[in-house]
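Each of the two complexes below includes chain A, the first together with chain B, the second together with chain C.
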Partner chain A sequence: MKKIRKYIDNSNLSLFRSIIQIIFFIILVYGGFKAISISEKIPTFACPYNVRTGGTCYLINIQHQLHSEWAGFITWRGISVLTALLTFIGLFIILNKSWCGFICPLGTIQDWLTKLRRLFGVRFSRYNKTSFKSLKVIKYIVLILLLVIPLGMSNSFFGLPKITEDMSAPYCQLCPARTVLPAATGDFTQFYIDFSSTTTIIMTTLAMIITALFFVGSFLKKRFFCFFCPMSALQFLFAKIGLLRLVKVGNKCTSCGNCSRVCDIGINAIADDLENKFIVKDDCMMCFKCVEACPENNCLKVKFTGLTIFRSTDEGFFKRFSKTKDYNITIDRKLSKND
Partner chain B sequence: MTKEVSDKLQELKIPELKSSLTSKLKNEVYKAISEIKTTFQDSPEGMKYFLNRYEDLIDDQNKDYKNKKIIATNCIYVPEELIYASGAIPVRICNGFYALDQAGANYLPAKACPLVRSTIGMIDNNYYPFGAEPLMVVNPSSCDQKKKMGEIQTKSNIPIYLLETPPVKDSDDAREYWLKSIIRFKSILEKTSRQKITKSKLKSAINKIYLAQNEFRRFNNLRKNAGIISGTEAITVINTYFFDDIESWTTHLNLLNNELEKKIQIKKQLNSTDKPRIILTGSPSIFPNIKIPLLIEKHGGIVVNDDFCSSTRFLYDTIAVDEWNMYDMIPAIAERYLKPSTCPNLSPNKDRGRKLIETIKEFNANGVVYQSLAGCHLFEIESLNIISLLRQSGIPVLYIEVDYSPENTGQIITRLEAFLESLT
Partner chain C sequence: MIKSFFIVLCITIFSLSLEAQVFQTEWLCPYPQQHVKQHVKISGMQKYYAMPGKYGKEKFILWPAKGNSLTEVEYMDSLTVKKSQFYLFSPDREYEKYSLKNTKSGYAFLYDFGKEGYHNAYMINKYLIHDTLFIMISKAERLSHKCRNGHKDVQKKIEPLIYPNLIPFEMIRLRMKPGENYHFLLESGNHVTFKVLHRGKEVKGAEVTFTTNKDWHKTIITNKKGTATFQVPSDYFPSMGELKQKKVSYYLVKAKFTVALDSKDTNSQFKYICYTCTYPGEYIPSQSLYKSSFWAVIVIVVSVLIISIIVIISRSEKNKILSRL
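After this line comes the complex of A and B, so read on.
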């Protein structure tokens, strides 16, 4: 048992994650070829604009469901909204925010762009603390808009006229997943500007700009788009009841900052917060790179239903980071009683 | 008096002065070594290498570093990775020699810190390990006395470079300032050692230090089995890292660790499990100034760990690099030396008390001895906070003010004995 524990703690989780990402990319982007559909309420980007998709993103679902008059919610429609939400939560809490770090195909594409940048030796950029704080609000604004606009299409708020039907599923119109994921299957039909009305011209032009920004941004900054993702904001509302957890034991922390250094999003709180045991922040995608980079035994732990499945150890740290075989020293430690 | 005559006079004088100094230093080292050998009879085989290194250190014939690129460093803040990557060898010159402390007293006030005085004594007398002739001395602005020491004109003409360190570690501005200071230091190093710091060189330098750190952490962990090695010996072992060749040091520490592991397996421990376990904190004890740990262990205690910048803190903190390119390695190096630092020059310095309490728990310690070098204002001032914090947590603590002089131990012994007795 100890040996298995040690093997896992010393393992290269990032490599494992890359493999999982590839598998899920294939399932979610090309799954339609084999008629796979995981669910229609999955808490990650699996875009139905891509006809080969292996599942459907919950955001498009909720936007369509909310496109209803108030009275509609007390009929059968209300129940379907509720069951969809419960399905979403049920799927979400199993993996918590790891949906972003391990499964999201759009996240995977960003990670591949990062790998490409690294190959060219181009420096990555990072927000400073102030911009980080102000920019992270954007995803909540996007989330509120994507929920309110569909309601505004069927209902009139404060006597204002109803919003035009051209705004149907407004977020999806702008989402880079709509353009990028079909393109991954060779379908480039989503790259267009719709001239049928002023609204469509604005929305489709914005979408093209966002798609361009997506490629440039995530080439220069790791996980550029995730920082503004409304799915991430929606997920965070339920992150505290997740079965998969990232736990920090504050008094074991030496404030060395290794965890925030390797963090793709650039979360500082993982290093600076010594009080909270529950360390998953709204921008976190639970990729667990921080756990890999932590050299303190048991300081950061990944738990599933209370059971520790991966944890930080100094032996694991040196195994993963030290790369010389200059002289004949192995990093292995003897198993002792304390472990 | 013409210049020629004065030069000749100096030439005649210096060797004489130097020889008397060398004999004093030799005396100190031999005394410390023989104290260790007589006090700890059960000492592991692997210790021999480290004690021999001190004998080599004071051997005038040993000129191993004579024609090598050496960069003398003065503090834990100096990034060793960069020095190794520039093709030079870092040698840390803060030391515990009483003779050098006296030699340095010519330049600094009587109430100055003995550690700083002994450093300037070393610079002044050009007395470097293994006949080294450093290209420069890197002197961080970590404490006021060190900072001002760098401005003093001594007999030596080796340039002293001021490495600027911030007084705060938590603010973004301080971190940025420190990073800029490191980048400037990198270019200075490249000019001084006439070698460019490349990606692959820096990577291999970081890896060298990883291996040393890995062995060090193993060693530190083994010390949890109190009595397996005495604290005095542990401090001696780690202090050799100041000047030793890093690969040879790592290899020998590996051997020592293996030996200790075997010892634990066959449960061969000193009869010391009932001895009070002490953690040392405060101003560093650097060999041969091992007065306090030695006295503690002679009078019934056992030093299980310390938080000295010359031993545990020197090698503990690691670097995590996400992308092995210059743009990520340099900031990673900068962070290693600032973020986890618990140097009392930082304000606020809450991490120090917090980490100390964690170490006490981890090493199951019974008490803390707070050592302050007479004249080290930062540690003296911070003692109030740390001691009250420890008292609040119910941990007994003894505050001792010491200097490098081998005399005046009577009073310290009385206080230590009373303290250790109260712990049993």
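After this line comes the complex of A and C, so read on.
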């Protein structure tokens, strides 16, 4: 048993994650070619605009479901909204935000763009503390808008006119998954500007700008889009009830800062927070790179239903980082040498 | 003498009016009269007219109508459709509930959408004139789909359904291949094929006329397979500044076929049966008129250039600050 424990703790979780990501990318993006359809309630970014998709994003479901008059929610439609939400929460309780880190195909593409950047030897970007604080609010604003706009299409708020039907599934119109994931199957039909109305011109132009931002941003900044993703915000609302948890033992932390440096999102709180036990922040995607990079025994742990499945060890840290050249840590060493 | 002359005159007028009625086309009209449009709204992806119902559930509408063309529509009232037979079938081939009501938008055929797939609505009228029985079948196919219900087995669920035992003469629109799905809406430029069936069997030589609401029309005789193919015309051209590119237009297809009865059947009141079947639908201008991939590429390239320049400038500024330190 001890040997198994040691083997797991010393293992290269990033490699395992990459393999899982490739498998799920194939299933969720190309699965439709083999008639695979996981579900319509799973919170994937398996975008339905990709004809060959192997699942459907929950965000398109909820936007369609909320496109209803108030009275509709006390009938069958209310039940369907509730069941979809419960299925989403149910799956989320099991996986917590690791869906973002391990399965989301849009996240996988961003990780591949990061690898491409490393290949070209281009320096990566990080937000400073002020930008980090102000930008992280965007995903909550997007989440609120994507819930309110569909409601406003069927209902009048404060006597104002209803929102035009051209705003149907507003977030999907702007989401880079709509253009990027079909393109991964060779379908470029989602790249267009729709001149049929003022709203469609604005929305499709914005979508193309966001697609450009997605590519440049993800190339220069790790997991660039995850920072603005409303799915991440929605998932965080239920993070506290997740069975999969990232646990920190504050008194074992030496505040070396390795965890925040390897963090793709750039969460500083993971290093700074010595008080809280459960440290999944709203931007966290549960990739567990922080656990891999932590040199302190049992300081960071990945737990599932209270059972430790992966933890930080000094042996594991040295084993992993003597083999791989993690860019952030290398940079950090260089910087500390300069200091 | 005067009395008998009056009776003959009445019979002649009645028979003439009946003939006039028969030679008018009947159909289940998918759009209302202009002056009552405010009472209904276009709903959903398929652009069907609907009336708001209880608890937000909409009632979809078809208006029994007749006329010589789509521009000369006479909406029927409860008296004129008194003898008509109405049917509504679900995608599972089951009878569905409907109601015929005098609504604010006129006398209408109202129905709810239940199961996913095409619902078939029919109105049947029969007229006997001289030795010919005219059977006029007005058909409408209405697609029910909500994205939240998923997109499984689309091809199976959108297949056209026929009811040869009940509806002797049918016209079906063959589904576009490849690619027709729940989100399909006929566009100008599309080739659309209609198949004419008599008791489930393909009819060769039937006369099929495709008419648009701008009175463009074309008649084709069905081939061996009982099909007639039309290319949907583009007859809506907005001015430069006008942004109503997805304007819905309407078409009506009418198939006509006459069957001579067996001469041995002397008991029959008629020698011929003249079948007509009408099929209305919506179409929108071709997407190529308002969607541009070229401009999308321009926007992306320009955005990438601007973002890259911003990043390069900000990085060089940072480097300058670092080098000063």
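The rule is simple: the second predicted complex is superposed on the first by the 322 of 339 C-alpha atoms of A that agree within 3 Å, B and C clash if a C-alpha of one lies under 4 Å from a C-alpha of the other, contacts with A are read in each partner's own complex, and residues count from 1 in each chain.
Quick note on the criterion: contacts are C-beta pairs under 8 Å (C-beta built on N, C-alpha and C of every residue); 3 or more make two chains touch, one makes a residue touch a chain.
Since the structure is predicted, the reported quantities are computational estimates derived from the model, not experimental observations.
> In the superposed arrangement, does A:118 touch chain B (first), chain C (second), both or neither?
A:118 sits against chain B, while chain C stays out of touch.
> Please indicate which partner A:7 is in contact with in the superposed arrangement: first for chain B, second for chain C, both, or neither.
Neither partner.
> Touch test for A:278: chain B only (first), chain C only (second), both, or neither?
neither
> Just checking: does A:318 make contact with chain B only, chain C only, both, or neither of them? Give me first, second, both or neither.
first
> In the overlay, answer first, second, both or neither for which of chain B and chain C A:258 touches.
Touch partner of A:258: chain B, not chain C.
> Quick check on the superposed pair: does A:213 touch chain B, chain C, both, or neither? Answer first, second, both or neither.
second
> Please indicate which partner A:157 is in contact with in the superposed arrangement: first for chain B, second for chain C, both, or neither.
Neither partner.
> Quick one: is A:129 in contact with chain B, with chain C, with both, or with neither? Answer first, second, both or neither.
Touch partner of A:129: chain B, not chain C.
> List the residues of chain A that touch chain B in one complex and chain C in the other.
Chain A residues touching both partners: 123.
> Please output the residues of chain A touching chain C within their complex, sorted ascending.
Contact set of chain A toward chain C: 37, 40, 48, 56, 60-61, 64-65, 68-75, 77, 80, 84, 123, 125, 154, 188-189, 191-198, 201, 204-205, 208-209, 211-213, 215-217, 220.
> Over in the complex, which chain B residues touch chain A? Could you list them?
170, 172, 203-204, 207-208, 210-211, 213-215, 217-218, 221, 224, 247, 250-251, 254, 261, 316-323, 325, 327-328, 331-332, 335-336, 339-340, 351, 354-355, 357-358
> Show me the residue ranges of chain C that touch chain A in the complex, using the header's touch definition.
Within the complex, chain C touches chain A at residues 52, 54-57, 146-148, 150-152, 243-246, 290-293, 295-297, 299-301, 303-304, 307-308, 311, 315.
> Within their complex, state which residues of chain A touch chain B.
118, 121, 123-124, 128-129, 251-252, 254-259, 261-262, 271-272, 274, 289, 293, 295, 314, 317-318, 321-324, 326-327, 329, 331, 333-334, 338
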